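Notes follow the structure.
Labels run A, B, C, D and E following the written order; every chain starts at residue 1.
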């Protein structure tokens, strides 16, 4: 079977655009997920029982159901109650819903990994709860969970392929369109694989580097 | 709609059950092999570091990165359609799905195992060596049982992701539960009902797992 | 005829369908295996879908059963493999199936990758809009958003002939219709058969008169170079034409869905004889 | 005038176990009190109660004449009672100077220049001025512990609590930390010290407090306590410590 | 007859840093050698090289007349050289008895009954027979360390290596562990001991080895070494340790 290089070349502009969309959806979703996760981590750290339960229910529901179905509900079901959100926004919301839950878990683990004695020594110099959170717990939790956070960023970025289902023209959407139109299955899959390697491999290598650095003492030079 | 919806679910129950069974069996098999492969990967990676075997470390790293960077969907196509064309080996679709999910899962579980082993105090391995244990004995008797505590919770999260990802197998002709749902939707247009069912189905499948992981995590962190 | 045995999936397929350069004839090979392996859609009524009883049925699917009967003497000797639009051709290329009977529109690009037999259906693409829409003619859609289902004839035609239209592509027909109902696009272009049956069941929509391009043939496909099987399918289609087999399927699957005055020959191609 | 710290029948329970059982204690301004006692007798808990890391369940705790209960303004109290822990607990994500300045700037809202000046003076006093911009992990245990002491001192506390601050150190680094504490004692600061270094206790203390099973079993001036413990429990305890020193030369060979 | 352990110009590097630099050492059967030296001087590394946890890069290491290099059968050697670590390193997922029996059963493939009998005899000897079914986490540090010693002893080794085995213990628990080691020394076992307990070193050693910067700076019998160290470095080292003991009583008050 011959590999149609010319065809591949002709599709590159479209794929370039698709990469842009993937990065855009991914970056926004990662940012909002992080925001949600930070709020959740703060809520969990504040130990208000009702809020804790709410956060936990959210995390469990989001983590234990497929993104595709979450997405369908937001995109196809919400309009029946009068809320119509664009495909792009739906994608970001659904990914934030899922990503927020995963990152909350990561931060929670990070907060729990901060030694109790660190918190006590913060208290001992008179820091308030809020100051403790900002100056002692979150920076350390953040650094402790950096590798896990990063791994989840990559995971989220990969999950963007799911949002092709609501007509967001990212990499998989473009791949599928071309396959369906021209049946250049292998060419298109190869392009997709190559793009993924280009996108994710550097991130993954960075992750490995971060992990190694954190092992040799987290902080400083 | 409520009664007709329930009726539809009732009528479609055998179909959905078959799809659910397919999802379950792919997931179970993949989880099994991913666990085995993950432990093997983790131990080899750990040893490669200790013995400064760069080539082994590099090989494993490439395997990991390949499955991290290239989506499962592409691997499914590659192995299912590519193997017969390029190597003349044909793997039935069910087993091809299991193969890909296992390889992918093994890379994820493997990283967890590696991290778990690495987080053990170095003294434990030395204490084991100091009483003359061989390397396999060391891992089987001393290191893996201890690392299990740290490995189990994140591994279970990988398991739930394997379950959720198993639906991609539809691309190579495996009719799992989401596909069955779509078949029903295309005939009846009852998408809310069916997706609601799928939502609950996956939640019921995955939640006990992640709840178990949490319980284990809590129990073991106090022990 | 009804096939009560639950259809098998690719999962149980034990060996590749054939080797390309087998010394033995391809038909002999199928006969030896005693099973005809066919790739079909499982979620595209009325062409290939799963009924309430969980059986694989439909226009294409039933033809496949009939092929099995004519070739192997028993319609139960067919094995269905569920395919997706994007996987139809790879299934053939990798010898996973003998035949694809999955509503595949004949296009020049595809004809390079596989060999089509004579057609069994024809498709005309039209567009549906809301009753109160200002859109009257097809080209009124130029500055609007048009919904299509990925890989359908409408998708192909619009991409090639109206490259600057704004298209919204969904994987499934039901999703496209849902998107139309939710007002995410102004029109939905699809095989008119699907549109007519939807419009009949859902008041408030109207099908535009204009057709998107010519009517196109839909045909079964075999692996590139598998002349033997292609010829056999052509012959069998001709034979089926004599007994008006497709008309029976039309009556069974399509007629109740459409307006009473619809001409069956606007949907089926009896005997494999394509007439423009 | 009342004592700086005053506990009367102060008690603390963890679940079922009574960890502090009716403690009566007065610590005067400028006094150096060393608390000794076997592991688990409640020494750390006592110190932790003094600055509210644990709350008592019975009796009263007074600091500078003020009653401290669950509703006390502990943040304010903690600025007046510094505490140093066994495992230093410097904040690993902050440099030495940032560690020291966190309290003065964020809690006490003092002007930067003044706080830095004091921090540097204190660093100089413990001999670590050159480490002001180092990261904690770059320092030895003894250095980290001295920084931890400076961090507490820079809040200008009236009392310092030391909880086995040399227990986690390499033996060679014990000296540098003890010297700093000795200096504080000599400057007249009020100190409560938990330690296992008997010789140090003897040298630094104005008063020895011997705890056992959650009660103060004996208290005395250091000379009397070490040369002539009155309770059997204290005798036993001191014997264990002198075991190594009094080890006889092995007979064989 | 040759010595039990014989190192000649033995060297070990980690990356760029020369951690052991041409060590010459002979340990006779039945000898008790105590290794002293400042932190980071290579004491632990020396012990670890003796049972192959680290491999040397130059010179030779002989055990019982046999040359031990990278290709030696270390598993066999390790059965004959027991080692005990600072942080005990009991296997937390196994009970006391399971910890002790792992080596005898899995490595030495000895019959269960015989191994259990020996394990129990050894447990009785260190006074912990009643803990045979306990989990490590239920034991105090001193108890865990004694179990760790039993675990090594139950392999019937010819030599035992002790690396600061009391450094992580509460001071009160030091005694029970040192007593066990003293007992071993008296029974005539060959011991190499790294410790920071000077009094113990003096009491137990046949010979003191003072290391500094990867070389053996001085060796002597304990009396001479402690009362009359010959090198300046050893003098300095000993001074640091006597600091606490010789602390003067504070002048104030």
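Here is the rule we use: a residue touches a chain if its C-beta (ideal position, glycine included) is under 8 Å from a C-beta of that chain, and two chains touch if they have at least 3 such contacts.
Quick caveat: nothing in here was measured; it's all calculated off a predicted structure.
Chemist: Which chains are shared contacts of chain A and chain C?
Modeler: B
Chemist: So which chains are sitting against chain A and chain E at once?
Modeler: Common contact partners of chain A and chain E, which must touch each of the two, are B, D.
Chemist: Steps needed, at minimum, to get from chain C to chain D via touching chains?
Modeler: The fewest steps needed to get from chain C to chain D is 2.
Chemist: Please name the chain that ends up farthest from chain D once chain centres are defined by their CA atoms averaged.
Modeler: C
Chemist: As a test of understanding: of all chains, whose mean C-alpha position lies farthest from that of chain A?
Modeler: The most remote chain is E.
Chemist: Indicate the whole-number Å distance between the mean C-alpha point of chain A and the mean C-alpha point of chain B.
Modeler: That pair's centroid distance is 19 Å.
Chemist: Determine the centre-to-centre distance between chain B and chain C, using the mean Cα coordinates as centres, and give it in whole Å.
Modeler: Once rounded, the distance between the two centres reads 35 Å.
Chemist: What is the distance in Å between the mean C-alpha positions of chain D and chain E?
Modeler: The mean C-alpha positions of chain D and chain E differ by 33 Å.
Chemist: Let me have the rounded angstrom distance from the C-alpha centre of chain B over to the C-alpha centre of chain E, please.
Modeler: 46
Chemist: If a residue has to touch 2 or more other chains to count, which residues of chain B qualify?
Modeler: Counting only residues that touch two or more other chains, chain B contributes 77, 81-82, 85, 191.
Chemist: Multi-chain contacts only, two chains or more: what residues does chain D have there?
Modeler: Not one residue in chain D touches at least two other chains.
Chemist: What residues in chain C touch two or more of the other chains?
Modeler: Those would be 86-87, 90, 93, 175, 178.
Chemist: By the touch definition up top, name every chain pair that qualifies.
Modeler: A-B, A-C, A-D, B-C, B-E, D-E
Chemist: Where on chain B does chain C make contact in their complex?
Modeler: Against chain C, chain B makes touches at 11-12, 14-15, 18, 22, 77, 80-85, 90, 92-95, 170-175, 179-180, 182-187, 189, 191.
Chemist: So in the complex, which bits of chain E are touching chain D?
Modeler: It is residues 32, 38-39, 140, 170-175, 178, 182, 185-186, 188, 196-197, 199-200, 202-204, 206, 222, 237, 240-241, 243-253 of chain E that touch chain D.
Chemist: Note which residues of chain A are touching chain D in the complex, please.
Modeler: Per the stated touch rule, the residues are 115, 117-118, 120-128, 131, 135-136, 139-140, 143, 217-221.
Chemist: Where on chain C is chain A touching in the complex?
Modeler: Touching chain A from chain C are residues 85-87, 89-90, 93, 109-110, 113, 150-151, 155-156, 159, 168-171, 175, 178-179, 182-184.
Chemist: Could you list, by residue number, the parts of chain B that touch chain E in their complex?
Modeler: 121, 123-124, 126-134, 137, 141-142, 145-146, 223
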